[in-house]
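There are structures below to look over.
Heads up, the next two complexes both have subunit A, just with different partners, subunit B and then subunit C.
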Partner chain A sequence: MIAVELRKLFRRPRTWITIALLNSLPVLVAVLLKVTDLAPRPGEGPAFLSAVLTNGTLFPLAALAIVLPLFLPIAVAVVAGDSVAGEAQGGTLRYLLARPAGRTRLLVAKLVAIVVFVLVTVVIVAAVGYVVGTALFEVQSLGATTAVSGTSLTPEQVAGRTLLSIGYVTISMLGVAAFAMFFSTLTDSPQLATLGALAVLIGSSLLFTLDAASDIAPYLPTRYWLSFVDFFRDPIQWRNVARGLGLQAVYVVVLLGAAWANFTTKDITS
Partner chain B sequence: MVRRGWRWAVVALGLAVLVALPAVFEALPADDASVAATDLRDRVLASDDVAFSGYAVSTGGLTLPVSDALTGVADLLSDQTSLRAWYRGAEDWRVDVVTTTGETGTHRDAAGTWTWDYADQRASRGDAPPLALPAAPDLLPSALGRRLLSEATDAELTRIDPARVAGVDAVGLRYTPAAEAASVSAVDIWADPTTGLPLRVVVRSADTSIPALDTRFLDLDLATPDAATTAFDPPPDADVTTDRDLTDVDLGRQERADLPATLAGLDRRTVEGVPDQIGAYGSGITVLAVSALPGRAAGSLRSQLAATPGAVVDDLGVRIAAGPLSLMVAGTSTRDGGSGTYLLAGTVTLDALATAAQQIQETDR
Partner chain C sequence: MSGTVIATHGLRKAYGAVRAVDGIDLDVRAGDIYGFLGANGSGKTTTVRMLLGLVLPTAGTVEVLGRPIPKAAREVLPGVGALIEGPAAYGPLSGTANLSLLDAAGPGGSRRTRKARIAEVLEQVGLGGGGKRAVRGYSLGMRQRLGLAGALLRRPDLLVLDEPTNGLDPQGIHEIRLLLLDLHRTGTTIFVSSHLLAEIEQLATRVGVLDRGRMVLQDDLATLTAPTGATVVTTTDPAQAARVLGDRVLTSDGERLVVRGSDPAEVNTALVGAGVPVTGLVLQRPTLEEVVLAAATGSGDRVAA
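Let's look at the complex of A and B:
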């Protein structure tokens, strides 16, 4: 069933259009940086963007930081919001459920397909970032990449920590995916499910900036998104990374549970 | 309907358990240890050789009316600061101020400090002067706790309830300054009962229930960190500079220095690194510094203070308070035929500042 869902997802042109659009922003930023030679100061603008003019191998990270706040979660919300509601709107949900596999397994298969989509998307953003970064900017061959803490990282360390970041960013998107998927079981409109997840995303991002909301900040789904920067401190700061992973796991378990409670007892008419 | 309900009940129960878990852990009572307040203070003061690494958060509740030159200090005392620390000894430690996308690290070695600023890609070398503006490493509970208790007398100390800090059942100590002039109503310190390491420090002022400063460890490991972690070599492409310390600051023409031996009930004292022109008074957490001000600086400072909400303006001068910190420009400009102008600053009440200003004027006559 998972293979069926994956085939369905990756055979759709719009999946690839989404991924292409997602890559357009970092590429545009890279071209602008190259043309103007104007990088933001370290600590300003998207993370790591300041360093790419002198070290193009950091551009995959900058590309992730560029798409992380909005583009990537929107893409995830669109795909996840479509997962169940899209089938209902297209009138295919009844036929899917006619198979003996059961609704719980369908939900799990949909979630796995979304996770694979996020991973593929993040890897492509990083890969395109690497190609664009190394083609347009200088590449430092003698391990002299300066970590956030002022120490030097070898190219192997940069590569390893970039892989950790890719994994972390992928998992960070699971909360948004779970929200969109839960909403997708509540409505027959994929647009509504996507908008619901985006409302959660925007609400969370806004509350995170408010001092008055500091007590609930550790529970906001976007709270630890930027913690992939912590992989580039020396030593690596695991505290927020671990909390980010735990928080996403809680959102996935609770929302998948709610989606399951709702979907397995729902009357399917379309 | 029953069949539909049990699934939601399972989800609701799971959610309730997950939401309640942190609160339940927080509410678990901490164990106390039988130790006298004075013994606990001695243990805290002797804890500067306890190695540790940890993560601490400091929350300041003060709004300082300061100029652009001092925004760093103002931010430390008004914002939340996240600190990562590795401590091997009094002259071998590292404290990083961690922000979402950057950090500023201070590395101490036997000869001084390296400060690494990621935002500016700048490493600066300082020689650890005896007198310096407050910096982030001073806010670490271990450093702050030892500093605040260093002059606390036996009579000023009492034990308070224990608290769990960074997973440790920490024993509590309250330091209530005895001086009448004190604006700090109490300093509460929770320390590791075994090593005496301060784990949480709360500074309270009498006028508000919001602590002026609350700094605590969230994670703590008492293993000795690697020497490589605290050491620092400036990156090859970094901008390397030398710190300016307070002795480099031009204090302007010093008008006079004959200050009384006692002000507002606080005795004058000598403090290493403080120039003779500045009078230092008091002890422990109740201190007052007095300096003559050149006329030009006095005028601009006076108008700045007078424009601050809550400022008291009278014949003695202008005075303001931000939590337990108070500041006064006393006297009138000598050009107008008045007395000399003084800057008074410290952790004393506004009434104590007024008394001190009056006593200075009387000495002048």
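Let's look at the complex of A and C:
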């Protein structure tokens, strides 16, 4: 069943178009930086971007930071929102369930496919970022990379921490996926499920900037998204990373539980 | 295979105060071609969905191939082929890829034989040359055939088909009818839901009629359309015929007389002996349409709850 869902997802042209579009923004940013040589000052603009002119190997992280606030969650919400509602709208859900695929199995297979999609997407963004970054910018092959906190990192450390960041960003996206998937079991319209998940994220981002909402800020799903920057402090600061992982875990468990409870007891009338 | 293939007891589905299906007892036996008739909105589709575990009953039980649904769905449904409210497939993928994915999505479809089974069913439904094309480019009739191919993929003991000839042209309808009769001959029980009486009359051995969520009729087609004990006579001299037969004439309409008597030969002898020219002579049988309309009008004045 999982293989079936993966085949469906990755044989679909839309999946690859989404990933390609997702990569276009970091590439555009890289080209603009190269042409104008105008990097944002440290502390301004997307994380890591100020450093890439002098070290192209940091561009994968800059690329992740660029797509993380909006592009990546949109892509995840589109795929996860489509998961059940898309099958319902297309009429294939009734055939899958009469096959019978099993409602719980189908939901689990969809979830695994989404996780794989997120991972593949994040890895591709990082890989394209690496290729573009090392092609356009200087690479400090012998010297060490300067960490956010000022000390030096070896290329191996940069590589290892980049992998940690890829994992963290992937997990951060699972909260979005869980929202979209839950909504996807509530409606037969994939667009509605996607927009619902995006509304949650936009609401969360907005509240995060509001002082009056500071009491609930630690529980907002987008609160710790950019904490992967902490992997590049020396030593690594685990506090926010750990909180981010815990928070995503709670959202994922609660929302998927609700999605399961709803989907396994509902009448399929689509 | 013998005995009961589909049995429901007091099956009911309520959406709020509306009872879409209101206590029906289906009885489909092995070897039947069961025609499930009813107007649009009479509850046919909801019933079909309950048979397949898609809609959960409010009350009552469903048994398919001797096992309870939805509880034993995982064991039962691999042996059931279904076409539910029109076909559905993934547009960007080919017909073959769609069948392959559907087969892999559940138990009971061996991966080893998959390719051969797909080629065989595509041939069977008349899509032998179209399997490689993307479904997006299929006509409605081709999609219907592909849906039917999906239903046949695991050589099911039972076919549950909702409006199987929808979107097909007359030749297509004829082809599918022959295919279904052929499958029936080889032992497949077929449950066809339709609102097309003529189609069911040509196909079914047993009929159930649904009216506003209630079962108003369920019997063998041969019994329902059995001779009424009257003979229909066509003659160019109806006045003379009426004089000869006297009070045996039940009704007359132009050159057509309905005469009491279940032996056309005897009626013929009487008329010809009196010099009345007889141009047509046949046992009277009610059509399925007459039977269904008679059964459904009884509740025509009912107001749905």
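Methods note: the second predicted complex is superposed on the first by the 267 of 270 C-alpha atoms of A that agree within 3 Å, B and C clash if a C-alpha of one lies under 4 Å from a C-alpha of the other, contacts with A are read in each partner's own complex, and residues count from 1 in each chain.
Methods note: a residue touches a chain if its C-beta (ideal position, glycine included) is under 8 Å from a C-beta of that chain, and two chains touch if they have at least 3 such contacts.
Only a predicted model underlies this, so the values are computations on that prediction, with no experimental measurement involved.
Student: Touching A:V229, do we find subunit B (first), subunit C (second), both, or neither?
Tutor: A:V229 sits against subunit B, while subunit C stays out of touch.
Student: Figure out whether A:R41 sits in contact with subunit B (first) or subunit C (second), or with both, or with neither.
Tutor: first
Student: Would you sort A:T92 into first (subunit B), second (subunit C), both or neither based on which partner it touches?
Tutor: In the superposition, A:T92 touches subunit C alone.
Student: Go through the superposed model and pick first if A:A258 touches only subunit B, second if only subunit C, both, or neither.
Tutor: In the superposition, A:A258 contacts subunit B only.
Student: After the superposition on A, what does A:R7 contact: first (subunit B), second (subunit C), both or neither?
Tutor: The answer is second: A:R7 touches subunit C but not subunit B.
Student: Check whether A:G102 is in contact with subunit B, with subunit C, with both or with neither, and answer first, second, both or neither.
Tutor: The second partner, subunit C, only.
Student: With both complexes superposed on chain A, which partner does A:T154 reach: first (subunit B), second (subunit C), both or neither?
Tutor: neither
Student: So, A:S24: does it touch subunit B (first), subunit C (second), both, or neither?
Tutor: Neither partner.
Student: List the residues of subunit A that touch subunit B in one complex and subunit C in the other.
Tutor: 265
Student: Looking at the complex, which residues from subunit A come into contact with subunit C?
Tutor: 1, 3-4, 7-8, 11-13, 90-92, 94-102, 265, 267-269
Student: Which of the residues in subunit B come into contact with subunit A in the complex?
Tutor: For this pair, the touching residues of subunit B are 3-4, 7-8, 10-11, 14-15, 18, 55, 80, 84, 96, 98-103, 105, 116, 118-121, 123, 218-219, 229, 232, 234-238.
Student: Spell out the part of subunit C that touches subunit A in their complex, as residue ranges.
Tutor: 49, 52-56, 73-74, 77-78, 80, 82, 84-93, 97, 101-102, 104-107, 150
Student: Flag every residue of subunit A that touches subunit B in the complex, lowest number first.
Tutor: Interface residues on the subunit A side: 41-44, 47, 54, 144, 146, 148-152, 214, 226, 229, 233, 235, 237, 239, 250, 253-254, 257-258, 260-261, 264-265.
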